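Two complexes are shown next, each including subunit A; its partner changes from subunit B in the first to subunit C in the second.
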Partner chain A sequence: MGCISPQPTLDNKSFLEETVSVESSRMKAIGPNYKEFIPPEMVRRMGRIIKMGVAAAKTSLADAECQLPDAIITGTGLGCIEDTEKFLGNMIRNNEEFLTPTAFIQSTHNTVSAQIALLIKCHGYNFTYVHRGFSFETAILDSLMQIESGQAKSVLLGAADELTENSFQIQSRMGYWRQKPADNLKLFEHPTKGTVAGEGAAFFLLHEKKNSNTYAVLQDVEMLFRPDSPEEVISEIKLFLERNGLKESNIDLLVLGRNGDIRFDSIYDSVTETAFPGVPTCNFKHLCGEYMTASSFGVWMASRILKNQQIPDMLIIGKKPETLKHILLYNHYQGINHTLILLSQA
Partner chain B sequence: MEELIEKLKREVIEQLNLEDISPEDIEADSPLFGEGLGLDSIDALELIVLLEKNYGLKIEDPKDGKKIFHSIRTMAEYITEHKKA
Partner chain C sequence: MSKRIYITGIGMISAIGNNVPEILTSLEASKTGIGEITLFPTLHRGSLPMAEVKLSATQLLNLAGQNGSQQFTRTTLLGMVAAKEALKSAGIDAVDTWKTGLISATSVGGMDRTEHFYKEFLEDQSKGRLRDVINHDCGDSTERIAIELGINKLISTISTACSSSANTIIFGANLIRSGKAERVIAGGTDSVTKFTLNGFNTLMILDKRGCHPFDEHRAGLTLGEGAAYVVLESEEIVMKKGKQPLAELTGYGNANDAYHQTASSPDGTGPFLAMTKALKMSNLTPAEIDYINVHGTGTENNDLSEGIALERIFDPVPLFSSTKTYTGHTLGAAGAVEAVISILSIQNGMIFPNLQFSTPMKELNIRPVTEVLTGQNIRHVLSNSFGFGGNNSTLIISKPTYSS
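And then the complex of A and B:
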């Protein structure tokens, strides 16, 4: 796996031993020295999201000891928004004249997976899904289908989103973010309107067979668009677990996309109290912030927990489980895109 | 001419986002493409826009591009010659 986030997560030798606290309404990803991952003639043209995606993808491949996956499948909510803004800004400023190609070329949503393919010379299936809060989950679905159908033995699956000044300001006006700066590590202590904006890139190498490098089994994914009530979500969770031969009582840990926004967090309480009483939970958005593909950070976290068979003290809410076989990730984006991801011990 | 060459070096570095390269690293007579700075076809388009935007010069015949963009000095000579006219 490879994960770039507002936390020091790229080093796979440590797992949230240090956490970054920011007193702000936004969290910026901690980038490595990108020149260690990307040749200088390529890195100079890349926006931040591309650099984050490529570095996370290369880390993931190295971690899995894989040189060439059969497919590259990514999800992104807003894609290369920095280059899009640059290109559109130039159009406005220069009265639609003097348009340069670089920002335009790099502004397309599939640039991240394309650049990864160019760098590792992967000529296989290459797809990018852009479905707001379903982007990463749709990429998971396609990846699982590629492997289950035998089209691919290994898939580099990932997600990336970047936060720019403009996108932050626009979404701030839409009421997405907290008006007063908040300490991200105390995000859930004072629930209010809005949350903390975030960004990041996480990549995973899925393989049809497990080996000594395997972190977890990515069992299944489900997406619910605008469910009417918590009861509908609970009912869907039941069906989702049933189709995977599980019951609610088999879930050892819930990883939740709670984000401290008073308008959206109550459904997590309803679901956990009704369907999973006594099951310990972990939140993750106080570490990575909110963005359309934030669940990829949750999958990264859950996979590390399954491999380590340990939950960091600062994450767990409730009693530590004796075994960690199955983790259910439940996330929603703006109350619209609800998603379930099931991970099991390898 | 030397003043224009130094200005062009700074503009090329900025336009092409040539990280870790300073004006002193660019030889006025070194080729911009292939060897030397190792620029490519996308950079060529960026340089065409630079000439048009910063100096009001449009390259009418694409065949001239190879000669004009051979080096910083050839660019400077083209600007000097055509600005006068």
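And then the complex of A and C:
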């Protein structure tokens, strides 16, 4: 795995032993020295999302000791907005004159997966999904189908989204972010309107066979578009678990996409209280912030927990589970895109 | 893989017509949709041509059966028109009990409105109407089309530049083969924008005279806009409903050129791999392909790379043409636009020409079809779509062997 986030997460030897808190409605990803991952002449031209994606992807490949995956499948909600803004701004300011192509070329939504393919010379299947809170989940679905159908033995799966000053401002005007900045680690202590903005890139090398390094089994994924009620979500969870031979009582830990926004968090309460009474939960958006592919950070976290067979004290809410076999991740973006991801012990 | 994937409905809107019958009429008459830019003010009006859907925002809103109360982007409205036609042509009035998904593609999403927003926002960050930017992201058009069609499961969006909508058809077929869906409406939509026009212009790959694919004197592509969708259905639905499918999707492949972010490799590695994968899946030999709807953008680089890949695989290269000379390059919609045109070729036994061709390329020994050919028995069509980031996709669409 490889994860770049507002926390120091890229080093696979440690796991959230240190956490970063900021007094802001905006959390910035901690970038590594990108020259360790990308030739210097390329680094200079690349947008931040591309650098984050490539560094996270290369870290995950090295971690898995894989040089060349059979396929690269990624998700991004907004794609390369820094380059999009750059080109759009120049076009408007200069009245369509004196433009250079670099920002336009890199504004294409599939640039991250394309640059990874280019750097590692991967000629395989290369897809990019760009659908709000379904972006990463569709990438998971496709990855699982590629492996299950035998079209690929290994898939480099990932997600990346970047936050720019302008996109932060625009989404702030839309009421997405907290007006009064507060410590992100205390995001859930004072629920109010708005949440904290985040960004990051998380990559995973999936393989049809497990080995001693395997973190977890990525079992299944489900996407629900605008469910009518918590009851509908609960019944979909039931069906989802059933098709994986499980019941609610088999779930040892819930990883939830709570973001501290009173308009959106109540469904997490309804679902957990009704379907999973007494099951411990972990939140993750106080660590990575809210963005369209934030669930990829949740998958990274859940995978680490399954491998370590231990939940960091700062994360767990409720009683420590006796076993850690199955984790269900439930997330939703703006109440529209609800997703379920099932991970199990390898 | 044993499961067959049938195409039971098609819908399209582009510069050559607002629906499939109009488009067929233009194709038969060799009538191009490429012309002057009229939709928005730009420095390039008069010097660069484009293939526009000649409908104002209000006309398009009416055609999509919408009133003005909701803020739809042009990309969404184009998509709605084509997706509704596709469902109607498949004989689906309301989405029934079959597990139905919508996988749509777009390259710029709501950029046509973002451009307006951004102008004011650049001057003052508190300015610009938020309703002009809220639909910016690629998922917006897909969700609005899904709501309009009544689809609430398996909704997603693909953006892999100019191969995007070919990839929705690939993913849709995989969803059906895996049993995740029984029916998928797959395709794409893109409106022309100042952003893309200027973007391609900075790359110096827009032909001032309109595109001349596979011509020695080609000087670039011509942008177009439009939307196209196909209805993919499982063998089970087709058999149970006793439907007559329009075509069968017999093969597909996606590969990455991994050569350069925008340029294609000189030996056509990516195109070669995509076509080879698709042929292998379809169990067809190259000689069984009757017609190739090439990607054929008209750029110096694409046509050479694609042509070399064709010569590596086919001997001789079958009849081929770039129908971008009619529709312009519709970017995220192009793969589905050309899939629909390929189906029209199969249905009507016709091959639609590569307009504006005069001189064969000196590096290649092939020349495209330049006149409308009729009375052809077209059993298998191969359609290529290649995008930035070396994203290469091939679809093989065949005359259906099943008959109800």
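Remarks
As a working rule, the second predicted complex is superposed on the first by the 346 of 346 C-alpha atoms of A that agree within 3 Å, B and C clash if a C-alpha of one lies under 4 Å from a C-alpha of the other, contacts with A are read in each partner's own complex, and residues count from 1 in each chain.
Operating definition for what follows: a contact is a pair of C-beta atoms (placed from the backbone, for glycine too) under 8 Å apart; a residue touches a chain by one contact, two chains touch by 3 or more.
The structure presented is a predicted model; accordingly, all values stated were derived computationally and were not measured.
Legend: residue contacts after superposition of the two complexes on their common chain; A:R263 is shown touching neither subunit B nor subunit C. Looking at the shared chain after the overlay, A:H109 reaches subunit C, while subunit B stays out of its contact range. Look at A:K320: by the touch rule set out above, it reaches neither subunit B nor subunit C. Judged by the touch definition given at the top, the superposed model places A:P40 against subunit B, while subunit C stays out of reach. By the touch criterion stated above, A:C122 is placed in contact with subunit C alone, subunit B being left untouched.
Of the two partner chains, neither subunit B nor subunit C is touched by A:R243. Residue contacts after overlaying the shared chain place A:P101 against subunit B and subunit C alike. Considering which of subunit B and subunit C touches more of subunit A, the answer is C. Contacts of subunit A with subunit B, set against its contacts with subunit C after fitting on chain A, overlap at residues 97, 99-101, 105. The touching residues of subunit A, counted against subunit C in their complex, run 72, 77-79, 85, 87-89, 91-93, 95-97, 99-101, 104-111, 113-115, 117-118, 121-132, 134-135, 138, 141-142, 145-146, 148-149, 166, 169-170, 173-174, 223, 225-226, 292, 336. Listing the residues of subunit A that touch subunit B in their complex gives 40-41, 43-45, 94, 97-102, 105. Looking at the complex, you find that subunit C touches subunit A at residues 1, 42-44, 107, 114-115, 118-119, 121-122, 125-126, 130, 133-134, 136-140, 142-143, 146, 152-161, 167, 171, 174-175, 177-178, 180, 194-195, 198-203, 254-262, 269-270, 273, 387-391.
Residues 15-20, 38, 40, 42, 45-46, 49, 52-53 of subunit B touch subunit A in their complex.
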